[in-house]
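In the two complexes that follow, chain A is the common piece, with chain B as its partner first and chain C second.
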Partner chain A sequence: MFITEILCRILAKHTVDTQMIDSTTLILTLMWGAAIGCIYVLLATGLNLIFGVMKLVNFAHGELLMIGAFVSFSVSTSLGLDAYIAVFISMGVVGLIGVAVERLAFRRVLGADKLNEIFVSLGLILIFDNIAVLIWGEKSKRIISPFENMGLQLGDVTISFDWLIAMVFVIAILIGLVFLIKKTKVGMAMRATSQKSQASMLMGINIEHIYIITFALGAALAGAAGSLYGIIFPFNPYIGALPTIKAFAIIILGGLGSIPGAIIGGLLYGIAEQSAVIFLGGIWRDAVAFSLLIIVLILRPTGLFGEKSD
Partner chain B sequence: MVNNKLLAAVIIVIIVIAGSVAVWQLMPTEESIKIGLVAPYQIPVGQDMDRAAKMAVEEINAAGGVYVSSLDKSLPIELVFADTENANPDVAITAVTRVVDQDVDLLIGGFGSSATLAGQVYAIEKRVPYIITGASTHLVTRRGFLPEGNPTRIDDAEGMSYMFHYCTTTYHYSETVAYFFAEAMKPLLESEYGLTRDLRLAVLYRDDAFGQGVWEATKHFIEDGNLPIDIVAEENYPTSTTTFQAELTQVKAAKPDAVYVVDFTTNTATIYRQGQNDVGLNTIYIAVECCEEPEFYTALGEWGDYQLLESKFASYAGPPFYLPMMDEYVADYSEKYGQVPGMMGADTYDAFYIAKDAIERAGTLEKSAVRDAIESCNLDQMLLITESGKIEFSTDEDSYHEIAPFTFVEQLIYDETLGECRPFVIWPENCFAGTVKQADFVLPENYAPGS
Partner chain C sequence: MFTKEFTKENILKHLQSTNGKLALVTIVVALLLPLVLNDNFMLQVLTLIVIFSIYASSWNLLASSGQGSLGHAAFLGIGGFTSSLLAINLGVPPIIGIFIAGIVSAGIGLLIGITCVRLKAWFLAMVTFGFSVIAETLFSHFDDYTHAVLGFRTPALLFSDRLPFYYFAVLICIISVTLIYVIMKSKMGLAFRAIHQNSVEASMIGINTAKYKLYAFVLSTFFAGLSGAIYAHFMRYISVAVFTADYSFKPLMMSVIGGLGTIGGPIIGSVIMVFIDSMLPNIDGVLQLALSPLFPAVSNVGPSIRLLGLGVFLVIIVIFLPKGVTSLLRKTYQYLRTELEGEKQ
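Our next item is the complex of A and B:
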């Protein structure tokens, strides 16, 4: 019934809009999907990194994105720094917050019942939201970019430089992350810990240090995602919840623990959302994105790049 | 024998004490009037409602409180808070139930149509007078008149009579916007572009009770008034949406002359920005009055330049628009809280004075008497301008217990010094209180008509 409904909607919409959906619109849809997908990718990659190495489910990951946006906002407004330089400062600050969260909150429940981790992360959501309201207030804010109102002209539409820069940032950060994981000793230790933590410990890897580094890295990625989000969208202390849900959907789509999965999953999710609006109408945005998730899970239960666990 | 006498004496003492306690409990012991403020404390409008309510209560209490003739004394107002978080319907049910069970005398507030519809059910059941100041769906007072079988219908006319709507409804919004386009914008397009065809309007709205209400009402007024407006696009989206390029692309493809945006502050500001900057939809955008909040101006920045906002209370608009009381309210509020008030708090502020007036006229805290007194309210207009200059609740089936607020359209002009836009009333010319128009409506320099 549901599939029939979707097909009917596509046909009906297509009949009406055939002349309206031109190649520029299609390209723009892909661009916007990829751009918003890039922010999802960054968030989902951090979440996946933490899950892959620590086997930790952190529902408060979106709150780190929110904190990242506010840190960037404060740095760029009070110190007058360029919004894109503020991204790096935000990554550092949120990374340090990640260290504190790992040491003070998650370390205490790691390895215990998963329910404990979930409750800790739910508690952290409330703590972060309230701290943000106390410091920055509850009103929406936006980080002003030096490229405000500037963009690449494509016919009579413009692709904002901020969107393009966000994509470049995400690509650069991901290249750096892959380099760190594949080519450095810390990365090797992280990979080893993610595969067999006890064996890694026996081989002399200090997995407590690896956990701290992993959580800090994941948090820093969320901080970067938040800063880029804040340049593109208005934000307030309550924005964290929805990106977290989407990030979880993306890592399930891409495969739990898989970084390439998070990248492909994030892009697919973003493009599916935007295409759904163009071809079916705005109300189908979430339905189509989550349908994609269900279809992938039916065809490949471990996700696109996931592997069967032991 | 002695023991029996002692026992009898003890029993008598116990009976006397128990009797005294019972009599004491039956005697009226009100030391305050409890008013529940139903507000979404997690979002700026809720904070604004809270600040305005506290200000009204402080003023009323400082002036001696509310005189209740049946008690022959004045009582202070005690605020009881019902936090609906971010206007969440599930949370609203719990919050309203909790305060009603604390035996409040009256409820004020309620923001968000879905949350208010959900939360009011318990107040209806318990016959608690409720002055609704933030939900825009007309159903909060008219759901008793819905056809049988409609899930929103409440088949309790007596209970529904305790509900009062002191704010604009989706019908008010849409009527103002539809007539503005027909009477002000269409003639302008004719004179500037020679367009004699109907005005091409696109409606972009969030998919909830509020958005659907505005959409339905807009269609109703255009069709009912036979207005020269052609709705060329209707796009709705889930309330969780944060990026709108795809929706705006669809709207642009329909070649509208204007876009009616039905959402709250943050999303509306994003739509104005993405529409102009990302999609190149250089048209006239108009937002609903719930965006009349300082936050909206901040989020909008220069993307509001020459764009429109429908309103009923404009903190930023100066004379000649202000009624003297507005000036005083804006000054007091700004001094007390260090920020400019929003329009949602203004409704709430007025509602406390409506409650005070009703209790004093009723002479009792008995709820049915207070309800009757609110129904017969005839106060002069306060912060909200009304069509008649009086605060009066209608009793007709098609506008049950609603006031008739005066709404108007503002054009926003960017102020480089402030880094924000400021509004100027452009339509209509006059209201009951006098002239409201401050400037002529002009189209933006980069405006492109729909076809």
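Our next item is the complex of A and C:
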């Protein structure tokens, strides 16, 4: 009763006339949601990879996305490189940062109390945010893409090329990742470590190396996500926190350790978020998505596609 | 549950232990400090330390049962808004309102707790964080009452002077921390620690983990709401900014820096953090002079350098001092004691 009253008041207060929402808006919402969702998928996959292999919760993953965006920005403005070539440089740089973070910070708390990982991540968030402020300043920036203001005409709707290219990039990177994990020796070692780290150590796998490779890969994915984010949206040093939390929400929606789950979860999440913006108004963007997450967790504590077991 | 362990002799024993003496010394120092530092600014810093001690202790109580909340600001805000709105709209005196705020916050904590008890560490962190975002959105939405980002002026709590307010806050803090101490030392606290260590084993020896986790949630959110209400009446202003992640991470950092799972930890952490927050802006000018040529992109390097330092400090504490500053103090104390005793012999 009380809840329905609140819902009625929420809906009554928002002034969007449902009549105004036509097919154009709907398609744009879906596309916009899918484009954002793709970036979230990339971030979530990196997190999922790190979690799956190392059982490590890196709450500072979004800061790697932010750093990726800034690296890409610096490369494309100071060296005059194409924004899409800068994506690869950014992946490399952020991957190296990932190696440093793993060796200096996370290695030392691995296997201890789970809460310690969260604390180290919070410290890293402060460190990365403020380093970015000191180097690049607090003002919002955007990476200028070579396809600025160009788009695909579909009836009344114009879909920006940048969104489409971002999706293609994400798909290509994911295919590459799946190939790496399924077909190469390193990937096999990663899968073995994720299943039983001690047994794989006995089989002669150097799990410390595997940890470094995994973390670097996850960080590189975040770097790519950041570069694509920077091409589509303006960014500043503080954008990292919410994407991290959203990537976690996506992993939880899709189930821990499941890449297809992360993809479906990411797209669902992006579309839910954008629909909330269109139908309820901007301030509801994050709340609706988190409500979705909490409802899913109440119904299925291990996520939509997660395994039943502990 | 508590009666058996807290008889008269037991209380005396607790007071005569080293920790008990330390607690008495702390209380005496807290009561005497305003006599030395009685300008307006210092009183504000001291009161903030006391309020955040309650808040951080409440977070610490929850964490002692293995549940690390990333959205405790939701309960701080709910407490603050409940008491202020009751006072303004229904004329409830704030002195009663702050306890109603605690109870309302605990009630909502119960609902969130029911969702959370089945979840593991990072799932719980996500849900609590999500809840603080949802709370912020809801309070922003109903801006007829809450005035969203603008905020509103809250009524005074009986007295508008700083000094009596400080003593009132100290009183509430002593009561809250003592209660939390009693809880942590009781059977319930033992169950919390067992669940934190290993929840599967805890349930095997007959601890109803869901029930105790829920207890921890309700008790913790009560104190968080209480401290939020006192905070709102102290600042004489509240806006939805209290729901931001900043306020969620503060009690966490305080507890970790001070020492997780100890009684003194959150208090020491809150002393350190509030001092860093309120005193270090004084060195901004020096930092600006020394470092601004290095970082041309920023107009004022001070705040970023300070936060950067805080981040490094936090990481170093977690890696090298996982039991916090308290453990360092205890080790030094024990070292000095053995040294002194050695000299006597």
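The criterion applied here is as follows: the second predicted complex is superposed on the first by the 279 of 310 C-alpha atoms of A that agree within 3 Å, B and C clash if a C-alpha of one lies under 4 Å from a C-alpha of the other, contacts with A are read in each partner's own complex, and residues count from 1 in each chain.
One rule holds in what follows: a contact is a pair of C-beta atoms (placed from the backbone, for glycine too) under 8 Å apart; a residue touches a chain by one contact, two chains touch by 3 or more.
On a predicted model such as this, the values are computed, not experimentally measured, just so you know.
Asker: Classify the contacts of A:I294 with the two partner chains as first (chain B alone), second (chain C alone), both, or neither.
Answerer: So A:I294 only meets chain C here.
Asker: If you stack the two complexes on chain A, which partner ends up touching A:E138: first (chain B), second (chain C), both, or neither?
Answerer: A:E138 contacts both chain B and chain C.
Asker: For A:F73 in the superposed arrangement: first (chain B), second (chain C), both or neither?
Answerer: neither
Asker: Is A:L122 contacted by the first partner chain B, the second partner chain C, both or neither?
Answerer: A:L122 sits against chain C, while chain B stays out of touch.
Asker: Which of the two partners, first being chain B and second being chain C, lies in contact with A:Y84: first, second, both, or neither?
Answerer: neither
Asker: Going by the contact rule set out at the top, does A:I283 touch chain B (first), chain C (second), both, or neither?
Answerer: The answer is both, since A:I283 touches chain B and chain C.
Asker: Give one of first, second, both or neither to describe whether A:A105 is in contact with chain B, with chain C, with both, or with none.
Answerer: After superposition on chain A, A:A105 lies in contact with chain C alone.
Asker: Is A:F215 contacted by the first partner chain B, the second partner chain C, both or neither?
Answerer: Touch status of A:F215: no partner.
Asker: Using the superposition on chain A described above, determine whether A:P234 touches chain B (first), chain C (second), both, or neither.
Answerer: first
Asker: Identify the overlap between the chain B-contacting and the chain C-contacting residues of chain A.
Answerer: Comparing the two interfaces on chain A, one with chain B and one with chain C, the shared residues are 138, 283, 286.
Asker: For chain A, which residues are in contact with chain C within the complex?
Answerer: 10, 13, 57, 59, 105, 108-109, 112-116, 118-120, 122-127, 129-131, 133-138, 241, 245, 248-249, 252, 283-284, 286-287, 290-291, 293-294, 297-298, 301
Asker: Please name which positions on chain B make contact with chain A in the complex.
Answerer: Contacts found on chain B: 42-44, 47, 86, 207, 235-238, 240-243, 245-247, 249-250, 253-254, 265-266, 269-270, 277-280, 294-295, 298-299, 301-302.
Asker: Tell me, which parts of chain C touch chain A in their complex?
Answerer: Residues 63, 66, 68, 70, 115, 118-119, 121-123, 125-127, 129-131, 133-134, 136-138, 140-141, 245, 249, 252-253, 256, 260, 295, 297-298, 301, 304-305, 307-308, 310-315, 318-319, 322 of chain C touch chain A in their complex.
Asker: Can you tell me which positions in chain A touch chain B when the two form their complex?
Answerer: 17, 20-21, 25, 28-29, 32, 36, 138-142, 144, 149, 151, 156-160, 163, 232-234, 236, 238-239, 242, 273-275, 277-278, 281-283, 285-286
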